[in-house]
């Protein structure tokens, strides 16, 4: 039953958009969305069943070399499946309002088709227990997502973003192929449901490295994140939500699966994952602060949150390495819960950002402002997402970060040196990340939704319709629900931990989850009472313009912009961020009108990858003389090949 | 196997030098034609007297000694050119190169053990040296006609060995091979004709528009 | 922890904070050779503000009023988690130190958002500074907390600052000294005191906290001031317990010791504010990084 | 049956030559494709097809090549009428006739079980393709044809030399000289080693030239770049595989002689070299038809690498031959449509193919994904099989190099294909008359459908055949 529901969901979501191509345009959106919703509901039901029952395994023969239609839905898979289906469904509903045929006659059908395919690809790979099947799901997801990223292919920026994504994802896929082929040479089959491997063999290290590269690229681990900002920024917002919310998590899923193949991973594996996590988290949030593009900013936060997830995973691996089950539980539960949480609040943020961008027609933060008066629901949703992503209580982000923190603290207090180092470095790093995230999101929220509108376009916005607000509200409620009642999700986490080699120790025994309800609920209540009290006082009071310190000619453009807000932090970390500024030199007493421009580039892509490509391209181009049109030279090649081959191979 | 085989093979080798050493296209074509005819004789000598060898010899002399040179001469007339100009390797160095190729062929042939009936013969080195000469002409001469002639030399080199293997290559194949070669030269002739018309030149060094 | 203690804990949190400000101001007055305002002047101020009407900027939204309220409520919630001297906290569990720190984060989010809500360049500037400096203060705090975690083997504030602390002072005094120094810096920056901020000036360009609340008025401004005082009190309690790790075994003497510690701390702050000038804004990050390094050294010392 | 397979296209060629109307003639191709398709299906279902006293034997590899060639020819034959109607400015008598002759020679090549006959078939195929290349009658196509003839001729000459060497290896070992594969295989263990080795090397270089392995590939970009798409498809999917079939047979003789290792090393080196050079030349390639030619070079490299790895690699290589051949059909034919629509084969002039010719553009893009080994298309399975064979054989270096080359190729090809497919078409492109129509799109879609099918379902008979071939070549399933 469970598996059938999920297979039905894969099939329905996959064909949803294609089916819609067969019906008249007017009904396309309805058919596609309805099919996808039915599929997603079935899938979500299946995932919930799987989270409550035993792991499901089933295999059918498949006439493909090395392939088998073999499926496995255990706790871990079910967790990811549930996330996929919920967010895909909400995104699809949102898409009805956001990306309708009327507004996007050229693209709407295409986007629906590939949206469904992406969803199906993801759920297929998660449910599969065979490498070939996994790769099929993986690449369907990756290529469909490429089509989604380059939806607006007439815009060169979007096209470039699509290309960067396409090239990166292929490099990842090739690593993945190497990984599975190597795994097969160890286990003798393409089955992914394999008995525990010995981590001490050299081949295991290679496996781990390949998995980390392949899945890390998809997850967007620093410095493999190069494709991510452009892709998330340029895709339609519900696609960004799907990609950032669940697609990059497929990388996490892969890493978790890869690591759990081994009984006791060496200490340095955990250390490496933790370090990568710290690097991603810190650098991700730093780059986010420097962005002017709202969706790019959110994209960098995906890098950050992937970092936090990896930190949890690193802690879990260290726990494994030292045989500390509690540490494993804390780290793994933190990582997995954060995977869910990030999916929820990042989707919420992208959807609400999309709503704002849709209304105002620009992604430039410094051209927005004051939207919350016209779009209170969107603003509220964004605020909930922002608080959640900063990991602040009493929302869901805090719960998962707390688990990671508890793991780090436990590590810090433990005897072995590596654990102590992990905790002593990890916890303050996470604190730094938290504070940076607050700075970044208060900036984004403030600059976009608060204050006065900076442009006319931002002044004349209006609130989105129910199709868009509904999914946002649902996600916001989920943020609060998991934040205030984390015990609700604890059984799912327990189930998932068992499927990756946990001993069955419940998360609740390792962390004070139920206490969070007793703190969170009153906190929310008191804050609500206080704010309502203050707001009622406000309604009864006088209103005047903001105090302008006596300067009478203030304009909306004199507000503190997001760039100015971030200026000090960007300056503090300029060694990494390498901000570019072009400031006019003002030397006259009455200077003419002028421009100031600042920009934080994608350092890894612009300073490392792109130059490497240029140099390599030039080096390869220097081989061009070989094929310069001279048939005489070509004859020489044949002769040389003949003579050399005769001499070498005899 | 007749004792006259080796002198004939030496003639083949000498013709290599002749073809490489001259700039006049007439001389090149004549050299190639003579080489072809000599191969026909060779076939007779190697398998003295069998019907098969007579037929092959006749076919060879007809095709390689008469028809192919005719085609080339016609192309030459159409294009009204007489001399090869500025080869990529000049004539004297070319002669030296052929000498080196011949030496190398002898050295390489020592590695290949011969069948009892061929022990001591020049069959293999002569074949390889002629193939090498063919490559040299193909790679260094500018005129399409010279290149076509070089291709025939290359084929002649292959044929030297083929003659030694007449039993292994029954008549049908042998003639098929000859016919194919003929058609190849024929097609080349057509192309040469068209090239000449389109480019107003037969300098293949000018055929370098297609490149990276 | 008895019910009485809990009640006392909450009551103290609610009532005592303004008193600290009174002590600080008295100390500064004494240094300046003035009589100074009455000790209870902060209470009078709050009472006065609560009776006033309010003026709101037409630019603002509900976020503007939420700022002070959330700041106050979160501080109050954080106070419940902090041990007041040897008496422990009203509520303690594994990981409460994280909740403690993050509650302040929530407060900060709303305070800064409220500042941005006004659309004023000055308040935006203040918000940016507040957010920036906390970025550096937060790791300093956590590095210090990790020292305590390492020493005590727990992540609960009440336990790490509990009876074992005195023993750790004996063994790992050097580390703890560094933690105390680092925490004092965090305390000063978080509660906007000299040398980071001067609560007495009103020059917008030089301030952090004050400049964020330019538009708040009346009772809401009272909430702001009250919240700020409470934050000082809560963070101060942490430092006091660290410096006075004694355990007298008597409830009332424990409370007394704590009270004395808090008064001492206030006097200390007053002294600092009297003898030091406010730092130039550009040097603030350096000092905070210094605080981080101090705590980090504290950890490194433990690595032996 | 063995004769019919060759004679059917020859007869149709005669018919085509006899027909006067340029409009009617292309339909002869369609008819020939259909009739030949039926004949081939019949032949493939027969347990044994032989003729000419063992000179014609349809063995396993031959069946694969024949099936592939006829399928590809069928697609081209469906496509040809639509295409030639677009090109009504050119007489097509020579074109259609030679295309049929080429097809006939490929059929002969597939079933020739005699070294000499195979050589003759290849030479004849080479020659019958020459007039096809000059279809456009311009300087560029002439130049391409000259280079094709000259380099191809050298390759064919070497192939003959190698055949003679192989025959001499029998003579020297005092065996009954015979050029029949069956006999050669039986006698393989006794062949003279020095002659066998030299023979294999020369044959490999010779047939490798026809296959287009680097560095003997130089004619390929010129020929494919200047020829009509149909010719490109038939050359890249037909002639090259015929040459590969020959190499497969020589490899089998080497295996039977117990000298497989040496042959494998040679194939690995040349295969990786081909992949690498192809990748290098595809980077920033400005001409998309030349790019497809380099892609062909790359995939020929993959084929011999698979053969060189052995084990399951042989299986993968055989499967890849089919996948690549069909995918090349998709790519060359859709590229031809794009070429017609935009009037340029320069990447810089062509953008927005998805808007200008939506079906052709989409097929081109899908073909690109397929040829670069993206699941769920067929080439993915075959490449995966080769990679896993490399790992299983412990050839980690080869596997790593293989994957790196695939990445390089993807970067080069991907950049060009994406910029062709996406964006907005230029003014000039809007003004050309070419439009997607059923005749020029459906055959390509058919090819792609088969490629897709081979990626999600390898029909059991095909799987068995591939497995048998692999095992006969010393490989594994």
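Labels for the chains are A, B, C and D, by order of writing; each one numbers its residues from 1.
The rule is short, and it goes like this: a residue touches a chain if its C-beta (ideal position, glycine included) is under 8 Å from a C-beta of that chain, and two chains touch if they have at least 3 such contacts.
No experiment lies behind these values; they were computed from the predicted model shown.
**Q** Looking at A-B and A-D, which pair shares more C-beta contacts?
**A** More C-beta contacts join the chains of A-D.
**Q** Could you tell me which chain lies farthest from chain D when each chain's centre is the average position of its Cα atoms?
**A** C
**Q** Just the number, please: Cα centre separation of chain C and chain D in whole Å.
**A** Each chain reduced to its C-alpha mean, chain C and chain D end up 77 Å apart.
**Q** For chain A versus chain B, what separation do you get between their C-alpha means, in angstrom?
**A** 68
**Q** Roughly how far is chain B from chain C, centre to centre by C-alpha average, rounded to an integer in Å?
**A** Roughly 99 Å, centre to centre.
**Q** Go ahead and note the Å separation of the Cα centroids belonging to chain A and chain D.
**A** 43
**Q** Specify, in ascending order, the residues of chain A that touch 2 or more different other chains.
**A** As it turns out, chain A has residues touching two or more other chains at 624, 626-627, 631, 633, 635, 638, 646, 650.
**Q** When you check chain B against every other chain, which residues touch at least two of them?
**A** 111, 135, 138, 147, 204, 207-210, 212
**Q** When you check every pair of chains, which ones turn out to touch?
**A** A-B, A-C, A-D, B-D
**Q** Would you mind writing out the residues of chain B in touch with chain D in their complex?
**A** Answer in residue numbers: 111-116, 127, 131, 134-135, 138, 144, 147, 151, 154-155, 157-158, 161-162, 164-165, 167-170, 172-173, 176-177, 180, 183-184, 187-188, 191, 194-195, 198-199, 204, 207-210, 212.
**Q** Within the complex, which stretch of chain A touches chain D?
**A** 62-67, 132, 135-136, 138-140, 143, 150, 153-154, 156, 159, 162-163, 166-167, 170-171, 173-175, 177-178, 180-182, 184-185, 190, 613, 616-617, 620-621, 623-624, 626-627, 631, 633-635, 637-638, 640-642, 645-646, 649-650
**Q** Would you pull the chain A residues touching chain C in the complex into a rising list?
**A** Interface residues on chain A, with respect to chain C: 369-370, 372-373, 376, 379, 383, 386-387, 390-393, 398, 401-402, 405-406, 409-410, 412-413, 417, 420-421, 423-424, 427-432, 434-436, 438-439, 441-443, 445-447, 450-452, 511-512, 515, 519, 523, 526-527, 530-531, 533-535, 537-538, 541-549, 554, 556, 558-560, 564-569, 572.
**Q** Looking at the complex, which residues from chain C come into contact with chain A?
**A** 53-66, 68-70, 72-74, 77, 91, 93-95, 97-99, 101-103, 105-106, 108-109, 112-113, 115-125, 127-129, 131-132, 134-139, 141-143, 145-146, 149-150, 152-155, 204, 214-215, 218-220, 223, 285, 292, 295-296, 299, 302-303
**Q** What does chain A use to touch chain B in their complex?
**A** 624, 626-633, 635-636, 638-639, 646, 650
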